[in-house]
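Next up: some structures, all given as structure tokens.
First chain A sits with chain B, and in the next complex the same chain sits with chain C.
Right after this comes the complex of A and B.
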């Protein structure tokens, strides 16, 4: 991981969706990390899924139809 | 680069080392501060970080700590003022700040949720300005310190920032994980009990 690396985060309605998304991405071998929602982004759920920006489309495709995603944000 | 001024603050009580370091920084671009206890080292380090200095610390192993503060462009010593008043509570808590991970879960209620919470805790711990001096792992907590642990990346970052990590060897043996320990040092109850006994602050998430 380098400091210049660009990340995005997925927000979910509930923690269960975050955990489900993690299981799907682990099975798909797509790197990601569950982290607390950064303070400057508000969310009911408290945890979000961080991903490297270049994986955005593959991650969204893997979760499509299986997990309800609230929002996708770039992470600064 | 010149050595700059040397501030010998050995034997001085809080907040003297910080005050002397700050005065020297007002005169010099780079200052070497010598102190003889971990609290003074931490306070001087925080003075440097909060005022925008590069901070390098060295522990020569003779009971002293050396902190090199070098002003970066835009360094502003007035921003460090608040730290000068923070002595009382710091002095009361002498001894290292220790985090104890006795489980690979945080709290009770649901294990899956608890696993997620402890990972979030360790991630945010790495973002704190005041990081623990040491983390102790025992019982199920050792699972956090082995290869393939989802918390490994954050633990490695904490270790790289100077946080000492003691992993209970009895526990890794019991779980048959000794060969998989990926961060910290395999330790024993003598060291764990000694460190917990002299801790100024013990946090168990």
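Right after this comes the complex of A and C.
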């Protein structure tokens, strides 16, 4: 992460949903990365999906109705 | 497997497995064998992808739209126990058939002892179920019908789509035991009216033992309690089991290496096509049935028609105990079969072969016509001993 880049993360109920989202985003050609959920966002032990902030709307649109999303957070 | 063995026990477990199954399991372990959904590092995520890929391929084979509706279990028995024990409560009524395996019968009998009313609908001596008898057994408090898709004793294929329609018309849940059919007979949960489908991984889906699953139709999980509770890698801050699919039913680390093999085995099935597999196994069954028909002193049980049964044939040789016959076949011919009651005493009572049972030959995709000829010859020669 370079200082000028801004990221957000999507939280899911479980890793199954995160991987389902990953598959859809790969097919849609939208860059992203599965990372451990940062402790300051949630105490959960699973993974979340990190994306560049400028892709937020496109990523949410691609996943709409396909995967249940728990929460969207900016990553600071 | 040793080259000179003839394996006719595919209804117990398929053998051999396609090389893809073994390769996938080996690759998973060699690549690190991470814990799925637990940590978030690359090996954990890789394991999660293996699990997800398995759900997707299984969903495709079973006509399930959302692969997260598939719970992965250690076998069909665990899946059937989740369905039966999780769903049925004292005061409920449940219907099953007289052809069930103990994986259905034992949980239902235990529930019966706890106050669930149970009706076992009789089947014909060929193991066939008349849908009208199921309709007649329905009461106002009937909660579910539990039915095998095909008997593991006679291979008899049950009228699943018709029972699904009857259950749907009456607002009753329909749970199907697909242990003998998943991967070997087309299954489409929607059109067949199936609400719950239990399957094993190690038979016609060509996975290893220790794999299986349960499809649960959308909206039903609220009324089905999990058998076990524990770590899921999700909702870790809460001390209550998650309510969502599939984590609700997947407490504890999954058998990821087994599931890697199952995904590859199911992928093999998808690549061959279930219809082609069915055609091939039906042809082998027809050939074997035709061969036995010409042998005096051999009594075949079940439909005796390849189109109405799985590649499972139960028979007896006059004057020969099935266990003795199986031992001779193994020792003298290298033919592996299964004698006895096949964990299905109800089915043997139905076809009139309890308590001794029958000798069962069950074929698979990798058997050949030449092997079937050898099998018929061996049975013919056994009569003389």
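Rule of thumb we're sticking to: the second predicted complex is superposed on the first by the 72 of 76 C-alpha atoms of A that agree within 3 Å, B and C clash if a C-alpha of one lies under 4 Å from a C-alpha of the other, contacts with A are read in each partner's own complex, and residues count from 1 in each chain.
Assume a residue touches a chain if its C-beta (ideal position, glycine included) is under 8 Å from a C-beta of that chain, and two chains touch if they have at least 3 such contacts.
These numbers were taken from a predicted model, which means no experiment stands behind them.
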* Of the partners chain B and chain C, which touch A:34 in the superposed model: first, second, both, neither? -> both
* If you stack the two complexes on chain A, which partner ends up touching A:13: first (chain B), second (chain C), both, or neither? -> second
* Residues of chain A touched: more by chain B or chain C? -> C
* To do: May I ask you to decide whether A:47 touches chain B, chain C, both, or neither, giving the answer as first, second, both or neither?
  => both
* **Contacts on chain A seen with chain B and repeated with chain C across the two complexes** => 15, 18-19, 34-36, 46-47
* Complex contacts: residues of chain A adjacent to chain B -> 1, 15, 18-19, 33-36, 46-47
* Asked: Which part of chain C faces chain A closely enough to touch in the complex?
  -> 36-41, 44-45, 48-49, 51-52, 55, 67-68, 232-237, 242, 244, 246-247
* Asked: Can you list the chain A residues touching chain C in their complex?
  -> 13-20, 22-23, 34-37, 42-47
* Residues on chain B engaged by chain A in the complex (per definition of touch) -> 112-113, 116, 119-120, 123-124, 150, 153
